[in-house]
Amino acid sequence: MLITVINPNTTESMTATIGRAAEAAAGPGTRVRAVTPAMGPVSIESHYDEALAVPGVLAEVTAGEELGTDGYVLACFGDPGLDAARELARGPVVGIAEAAMRTACYLGRGFSVVTTLGRTTGRAADLAEHYGVARFCRGIRACEIPVLELEDPASDARGVITEECRRAVAEDGADAIVLGCAGMAELCAHLSAAVGVPVVDGVAAATRTVETLVALGLRTGDRDEFASPPAKRYTGILAPFGAEC
Amino acid sequence: MLITVINPNTTESMTATIGRAAEAAAGPGTRVRAVTPAMGPVSIESHYDEALAVPGVLAEVTAGEELGTDGYVLACFGDPGLDAARELARGPVVGIAEAAMRTACYLGRGFSVVTTLGRTTGRAADLAEHYGVARFCRGIRACEIPVLELEDPASDARGVITEECRRAVAEDGADAIVLGCAGMAELCAHLSAAVGVPVVDGVAAATRTVETLVALGLRTGDRDEFASPPAKRYTGILAPFGAEC
Amino acid sequence: MLITVINPNTTESMTATIGRAAEAAAGPGTRVRAVTPAMGPVSIESHYDEALAVPGVLAEVTAGEELGTDGYVLACFGDPGLDAARELARGPVVGIAEAAMRTACYLGRGFSVVTTLGRTTGRAADLAEHYGVARFCRGIRACEIPVLELEDPASDARGVITEECRRAVAEDGADAIVLGCAGMAELCAHLSAAVGVPVVDGVAAATRTVETLVALGLRTGDRDEFASPPAKRYTGILAPFGAEC
Amino acid sequence: MLITVINPNTTESMTATIGRAAEAAAGPGTRVRAVTPAMGPVSIESHYDEALAVPGVLAEVTAGEELGTDGYVLACFGDPGLDAARELARGPVVGIAEAAMRTACYLGRGFSVVTTLGRTTGRAADLAEHYGVARFCRGIRACEIPVLELEDPASDARGVITEECRRAVAEDGADAIVLGCAGMAELCAHLSAAVGVPVVDGVAAATRTVETLVALGLRTGDRDEFASPPAKRYTGILAPFGAEC
Amino acid sequence: MLITVINPNTTESMTATIGRAAEAAAGPGTRVRAVTPAMGPVSIESHYDEALAVPGVLAEVTAGEELGTDGYVLACFGDPGLDAARELARGPVVGIAEAAMRTACYLGRGFSVVTTLGRTTGRAADLAEHYGVARFCRGIRACEIPVLELEDPASDARGVITEECRRAVAEDGADAIVLGCAGMAELCAHLSAAVGVPVVDGVAAATRTVETLVALGLRTGDRDEFASPPAKRYTGILAPFGAEC
Amino acid sequence: MLITVINPNTTESMTATIGRAAEAAAGPGTRVRAVTPAMGPVSIESHYDEALAVPGVLAEVTAGEELGTDGYVLACFGDPGLDAARELARGPVVGIAEAAMRTACYLGRGFSVVTTLGRTTGRAADLAEHYGVARFCRGIRACEIPVLELEDPASDARGVITEECRRAVAEDGADAIVLGCAGMAELCAHLSAAVGVPVVDGVAAATRTVETLVALGLRTGDRDEFASPPAKRYTGILAPFGAEC
């Protein structure tokens, strides 16, 4: 089975991190292809970044279809372009926020999200509402660490995030923690050990979820809403996204 | 006051229709500037189109800021790029779905949406939920008319839409109708007369809402979530959206 | 266009304050008529006051209809008599709580209400739920200032309210403030400047909303629920409200 | 124990019907006092009637307090003036819609309301939402019988209502029926036998609920929101409702 | 009327406490039969205990039917086996959590639950959601007192519970308190006096609610879902629960 | 990895069906152990059956722990004993209703459940609400086939279920179907082919979900609510479930 894991930002080192997390999670017989879009922001830290990450994501889905991808992971916690990607792909598409939050629901009565910047917590809250898990979400906590500093050893990201996870358990009464950024994937085992509750990394959760859907022959229902988009002309620099290209 | 009304698709004739509707709604002293993005789909009929309309919308907001725009209308019923536009604009930004649905709430206990294609009703339902008006939305009905045929006299769009509005009143018990596409703006008076209930066109509703917000000195709160997006590098054909251009 | 702004309590000086706020908000071509009911409580600070303000409000709507009123504002944050007024009036009727809370939804992810007495916060919460905005309401905060002291320079109302608005921003993370009493209308500009977030006065918001509805030809849908009430006999001191008078 | 049952309309024959239903429901040792307000509409069939029934209801609560009433029933399905009555009364106050709908929740998974006029179904839906039982309310059905015709043998009210109850069971899958008008109280046994599901009359349910609350020493919590209303001046024909009278 | 009050745990002294509370609440003419199951846990302090209390409860319902029971109270705050008991019983069945929480809704805008162990608060929250009262539930507070220590004078249960009730009023703004364990029934009057808000004991509330339902001729609707369970074979030690025994 | 799949009813042939479905779904390296409880009902078709299936399920979890089970599937669509099983097990426990409904959420905007008997649809609706997926559940449809007839070729179960799935797609607009009974597992591929939308069998979905959780090191959070139940004495035929045995 071929799973294409799309890092919606354009930072290759983060794609590498994400790819390692997906591979570690995948079962035998699954090939993970982690890709970086050819266009878009180097990190996603605002609604603006999130929106402009989508064209690159969709281009990767189109490319992935040509390569015979069986299913996709969208590896940014805002799940950018999820509905559109589902129209394009023959197989299933899963976002890491969706997968992480739904997976956390199996682990107890409530979870807290620990994420990077405070300005992204609104999007996380939106998604919790959208996916029907708001009632189980006990808190959304920001560490105020910019996304690309997660990889910087000088940032003490690990220490700050660990501390925020501890607070989520003590103050929110969270039974589980959801990591709110794909860039935190490699901290997952450390955090779980340090904090004593299950910690869900969305990249791993989404990769396994896609594997499950593909293994069970489940794809997006393609009647009406999620059928292939009607072919039409696009203009300007986005012309290549249209039917005439 | 200068209001920039952005038609998220790239069809000039629809921009003209939208511009006329906005001007007719605007009060004295308001200048309406209806614009067509330089990139994107010629019509919006799928999640894919909706997502790829956003870059063009955001480029128009950036351009509008340079021209001293006081407030923006996003004139597609999916409200594409609304949160991102709010980060960019100094003044208020209002989507036509948001304005139409909130306005309809003042007119009775429940409204129905009458829109173009069945495949877009999922997005309309999402937005009703997102804006907190799902409880007041009694139905979302599709006429199965492609967006660009709204302007084609041969399509009998007017007759089909009138009939669907009548059904919304009779079967859903709707107190008011919300038009689910900017391209229907000029049918509003006809429909209201024919069907006997108030009919809300989002372009008019959003234009007046922006006027109200600007007149009252109300802009998007810019603490944290809706502050200007952090400046950063963008790559590929989207590089012009980044800080270095 | 003639807008009748009804102060549901019977204190003339508050009617004057409300009238000034409505006039300041109204566009050119709109005539504002601020009225004081001939019966009822001098201020509204309990469910009892709220309920007993309604007859006076409805009498003013009946009188306003004879004068050719185009639309009404109910200028008390409990929106007393709103549904009944909608049955009586040909044009639209908007309450200030409804207008302020819906308007605040355009300004960010969440708002807090700052009001007078703690005992009125239950009604505000009820209305937030009723209007579908409870999810966006981050707090309802009381200053414990009786309504009529708002106009008393000795009460330090301005200072106390400013401080409570600051707390709403800092502790609730509110993107905007909604003023919870018509008597606070004239503090709006001061508060917005002092606190740094948009502050919504319901009198201004409702006045502009009524203008919008009238300008767009939108009135309450009058099928069934909001049709004119069936004519019938009333008894006792309320006999003048019946059909035989 | 003395229970004052207030018929919010001013039709004595309906007060008699209500009084009989309350007495039949009350346990031994309870004295039922059914009263007709000295002011207000002869029947309640609109938001206007509902709002203008409230002063008469509140005057009866004030009078009831002087007579040592232990608890009150508000015997109109719109529960008019409930919150205000709770401020005035030392003991509990229960509305018949509230009591009927909560009682029906003990009887199965869902109930339907069968009421008089279609224009009142909006209020019933509002109350179901307000009391938290909307999820259990499977339908609200109108018989289009004016309230005062319920007592007219020529109206065939019994037949029409029986038929609508049958439809509620067959089409809504209701486990129980809630009668949507105090004037239907005497039909309850007949309907239950005819339709084969439990039928809840709010007058009986509320009377027993008040008895329960009084017997258990439970009164409305009177901290803050439901404390006695602040004394103040009222004007015009409502002056008697103020503190100076 | 005969009401069977089932203590779902197997501790006789708690059955006695519960029986006294039920008798004190019952009206004249009601006979209370408090019973202890022949199988199950000595106290209920986990989901495991709750689940395994159910067979004993159901056996008591079956036995109660043979004795001509008119209605049942399930006297554990988790309402164990409620839906199944409703299938078995001809008359109504009411759980103490259900009755206490619904009763508290008549007493003000919001209540808090004060219970024994923190690990049971999840179940209480579930039930509040299930019964539609989550919006009115302001807090669920644990005293960390094991159930059987409630009866131990050395445990200072009374002092600890009183203090937690005080906090519920001060910090949650509760208008009323709901006791979260049948074993607290005898503290009810003391707590209400000490804390100054109404305190609802579920045993008393449920007993009166069953009386009301029986008196009004209301039983569980027995179409489909709550019809008698299909007769069938059971195996192993549960064989006596099957049709062949 | 060892997964214990518990058939909550005591019919061995259904355990065999369930075991085959779980094995077919499981990845390489997973050992599936399908077990039949030693006590309880031969099929689950009522709340009574559901409740009395729980002791057998919990005994199997206790036995499974001794055998080193890594995770559990509860293979009845009512998810009987789920919370209690989570207290007992070191690893994750997943119910088939939970897994099927959450999995269906990845496949489109809404799903319908197709199940056996109408009297079980209430439980399915409860679970949809409990798991936060009620908004995505477009219908719950019963085929009125008793559980054990699913295996009877003479029952035409396949034809009836296929037809009901078709109706769910046509009338509910379902993007996916969820099978409402473990006994339908082997029809899954047939139905999906016949109806043209993805069909989710909960046994397969839950088996893969448990695999995922175990593979990612995720177990139920065991702080407080889901910690091991306090050891205590049990009485009667349930004594073996207590600590002293």
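For this structure, a couple of remarks:
As written, the chains take the letters A, B, C, D, E and F, and residue 1 is the first residue of each chain.
Basically, a residue touches a chain if its C-beta (ideal position, glycine included) is under 8 Å from a C-beta of that chain, and two chains touch if they have at least 3 such contacts.
On a predicted model such as this, the values are computed, not experimentally measured, just so you know.
Taking shared numbers over all numbers used, the subunit D to subunit E interface scores over half, which places it in the same class. The pair D-E is the one among A-B, E-F or D-E whose contacts match those of B-C for more than half of the residue pairs.
Superposing the C-alpha atoms of subunit B onto subunit C requires a rotation of 180 degrees, rounded to the nearest 5.
If each chain is reduced to the centroid of its CA atoms, subunit B and subunit F end up 44 Å from each other. Centre-to-centre spacing of subunit A and subunit F amounts to 28 Å, using the average Cα coordinate of each chain.
Among all residues of subunit F, those that touch two or more other chains are 86, 109, 122, 129, 135, 224-225.
Those residues of subunit D whose C-beta lies close enough to touch subunit C in the complex are 10, 37-43, 45-52, 54-56, 58, 81, 83-84, 86-88, 118-123, 126, 129-130, 146, 224-225, 227, 229-230, 232-239, 241-242. The touching residues of subunit F, when paired with subunit A in their complex, are 25, 27-29, 86, 92, 94, 98, 102-103, 105-109, 131-136, 169, 173-176, 189, 192, 196-198, 200-201, 204-205, 208-209, 211-213, 215-221, 223-226.
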